[in-house]
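Before anything else, here is the set of structures, which you'll find just below.
Heads up, the next two complexes both have chain A, just with different partners, chain B and then chain C.
Let's look at the complex of A and B:
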């Protein structure tokens, strides 16, 4: 009787040790999973920020928009309104999206707004939102985060010598 | 009997501990191995991503040279490729980043602690795109040419900071401990000569050459034992009178195939940039056609009447650029039909002195 009881106690001990061991393993796995999830999200946010900066930089130096000066260096952070108007009105960037510009600006919206002087005119140069198609054929947005960067630029309108330069803001929204 | 039972119990107990220990050990060893593999993959991807950011930044900083210390990556060999379906760069045998639209002119392989990046604008006649040259502190360029030659003098000025050596005779060259040596022959007589004794100790992949010939033509060579194996001969398509980005790109490109592949990216972009300039031209013409605009008559006459009208020149250029892009074939772009309308457009733009210029 005494021997049986001793064996039962030892058995319970072993089960308790195993139980605690597996509880620790499960806790460690949950902790690791949560940590990986958080660090993955942080990394994604960092990458989106980097992509937004890269896209802004690329936009600022676009030969399609920059203020050229013949053989001299182009003017920094300046867009030529004649080129800008044509690119926006004809939708050049979206027209050649699949052929070329998607590789330059994936899932991005690029807007330029004239601030002063002017009538607050705004041009959407490029817009490619991340979307998905539902079973019923409806297209819905397929992004969770949006990173926006703003950059002050000058806008040159050579056809208006009295007010050749104006201020504007370049907005780059990156979908992730 | 009781003793024997005890012995079996103790043995069984130890076997049980051993199996349980082995299972636990295997479990953690498995996690470690998996983590190691995923860490190595991630490291490769991170490295390529960082380099991609560096290239993106350097690609738009016009005419600037960037010296990037990548000492931590000096164990990795980076390869740059440009061929159908495989345009980009990456770690040899590892992560790879696509560069489908950015023209990057680099040696086939780089293994270095210091990258040198140089961006030059390609103008035809307006700026089309920045060409990015990639080199390293241990990629040596040996220039053989006439010291009174204009391009030779320009090269001396422009390549400051790069590993360039200017010699009169190839036998003077010491290859040193460089990862790659590229001979640049400005005299155009490399084809007939063998490899100099001083450079013969280099491996076939370590030595390459380019030879410039009259008419803006360049021929690529690769070391093959004691001789040069001739590669592609390429026409440089450019209207630049100095600081010719397309010519510099030929110097830094790994071989003729990579050069042509990257230049096709340039022509593709040219098609879209040209379309934007066509829009600007339309607006300019409309502006000057309105009565009373200062200098309207003069500017209109230049835009409408001078030589052939700008429109015709422009349409010709657009047509050539589109045809060149659609053909996906560099050779179809490499004739004067491409460069002539661009030169004419440059002259017309120069004539628009008192008017708003096209570019």
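Let's look at the complex of A and C:
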């Protein structure tokens, strides 16, 4: 009888240890799951940031916009206002979207704003939002995150050689 | 299995679990900042400084070519250094060149870097002969936090003037 009781105590001791062990395992699994979820989101945000940065760099070096100087090296971080106005007014980027620009900037919005001098004139060069069509034919946005990257640029106006350079901002918004 | 052996195994399991936990925590703590952030910050500091220096401003020339004309920021910096503490050669918006530059640079940086929640410090100094140096323009973000620890720089943007070498620098941090 005494031996049986001792065995019972040992059994309940083992069960308690196993119970605590499994609780620890469950906590670890929950913790690991949460950590994976957060790191996945972080990685996604980082990838979107990289895409936004790539798009910014591609835009900065677009021959369609950059301040060229004949055969000499083009000017860094500078857009030619004459090219810019033409591209924005004629909608060049949207006109050749499927042929060329969509491969360069998938689901992106590119805006350039003149901050000084002037009243903050701005040009939307490219805007391709990720959308989906509902059953009733209505188009709705199909993106969850938007990553914006800003860059300060010079804007050169060759039509106004006295007031040649103005201060502007390039904004690239990437939809993900 | 003897009781002593079982206790040893239990201890080993605990040590392994603690080690795994520590490794896991170390992974969190030693995670590097993404290089993208640093690259973007450096590029942004450089481009901001480049754009600032190139920008043209409408000013009244009080020298030989009397009248209103557009001058680049670099030209105004030279004027500020050459006439520091005296009536300047250019008057912009009815202000002396140094005062005007201080305001304009402050406004432009606040409208851009400030709006994007970046901290920054802009400094323009005139290097005289020997070790002497005079601060011409100094500006930091609105909450005066500036950049003391981890920061990126635009690099020096030197301008040669009759008064000496003007060094312009912009520090940028998150």
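The definition used in the following text is that the second predicted complex is superposed on the first by the 140 of 176 C-alpha atoms of A that agree within 3 Å, B and C clash if a C-alpha of one lies under 4 Å from a C-alpha of the other, contacts with A are read in each partner's own complex, and residues count from 1 in each chain.
Following the convention adopted for this analysis, a contact is a pair of C-beta atoms (placed from the backbone, for glycine too) under 8 Å apart; a residue touches a chain by one contact, two chains touch by 3 or more.
Given the structure is predicted, the values throughout are model-derived calculations rather than measurements.
Asker: Taking the superposition on A as described, I'd like to know which of chain B and chain C A:70 touches: first, second, both or neither.
Answerer: So A:70 only meets chain B here.
Asker: On the A-aligned overlay, A:15 touches which partner chain: chain B = first, chain C = second, or both, or neither?
Answerer: The answer is neither, since A:15 touches no partner chain.
Asker: For A:30, is the partner it touches chain B (first), chain C (second), both, or none of the two (neither)?
Answerer: neither
Asker: For A:38 in the superposed arrangement: first (chain B), second (chain C), both or neither?
Answerer: Neither partner.
Asker: Just checking: does A:150 make contact with chain B only, chain C only, both, or neither of them? Give me first, second, both or neither.
Answerer: second
Asker: Applying the document's definition of touch, where does A:46 land relative to chain B and chain C: first, second, both, or neither?
Answerer: In the superposed model, A:46 contacts chain C only, not chain B.
Asker: With the two structures laid over each other on chain A, which partner does A:165 touch: chain B (first), chain C (second), both, or neither?
Answerer: second
Asker: Need the overlap of the two footprints on chain A, from chain B and from chain C, as residue ranges.
Answerer: 50
Asker: Give every residue of chain C touching chain A within the complex, in rising order.
Answerer: Answer in residue numbers: 17, 34, 36-37, 39-40, 43-44, 46-48, 50-52, 54-58, 69-70, 72, 104, 107-108, 111-112, 116.
Asker: Residue numbers of chain B touching chain A in their complex, please.
Answerer: The contact residues of chain B facing chain A are 49, 53, 56-57, 60, 62-63, 100-101, 126-130, 268-269, 272-273, 275-277, 279-280, 282-284, 287, 349-350, 356-357, 359.
Asker: Under the stated contact criterion, what part of chain A meets chain B in this complex?
Answerer: Its residues touching chain B are 47, 50, 54, 57-58, 60-61, 63-66, 68, 70, 73-74, 80, 82-83, 85-87, 90, 92, 96, 100-101, 103-104, 158-159.
Asker: Sort out for me which residues of chain A touch chain C in the complex.
Answerer: For chain A paired with chain C, touching residues are 24, 46, 49-50, 53, 76-78, 115-117, 149-154, 162-169.
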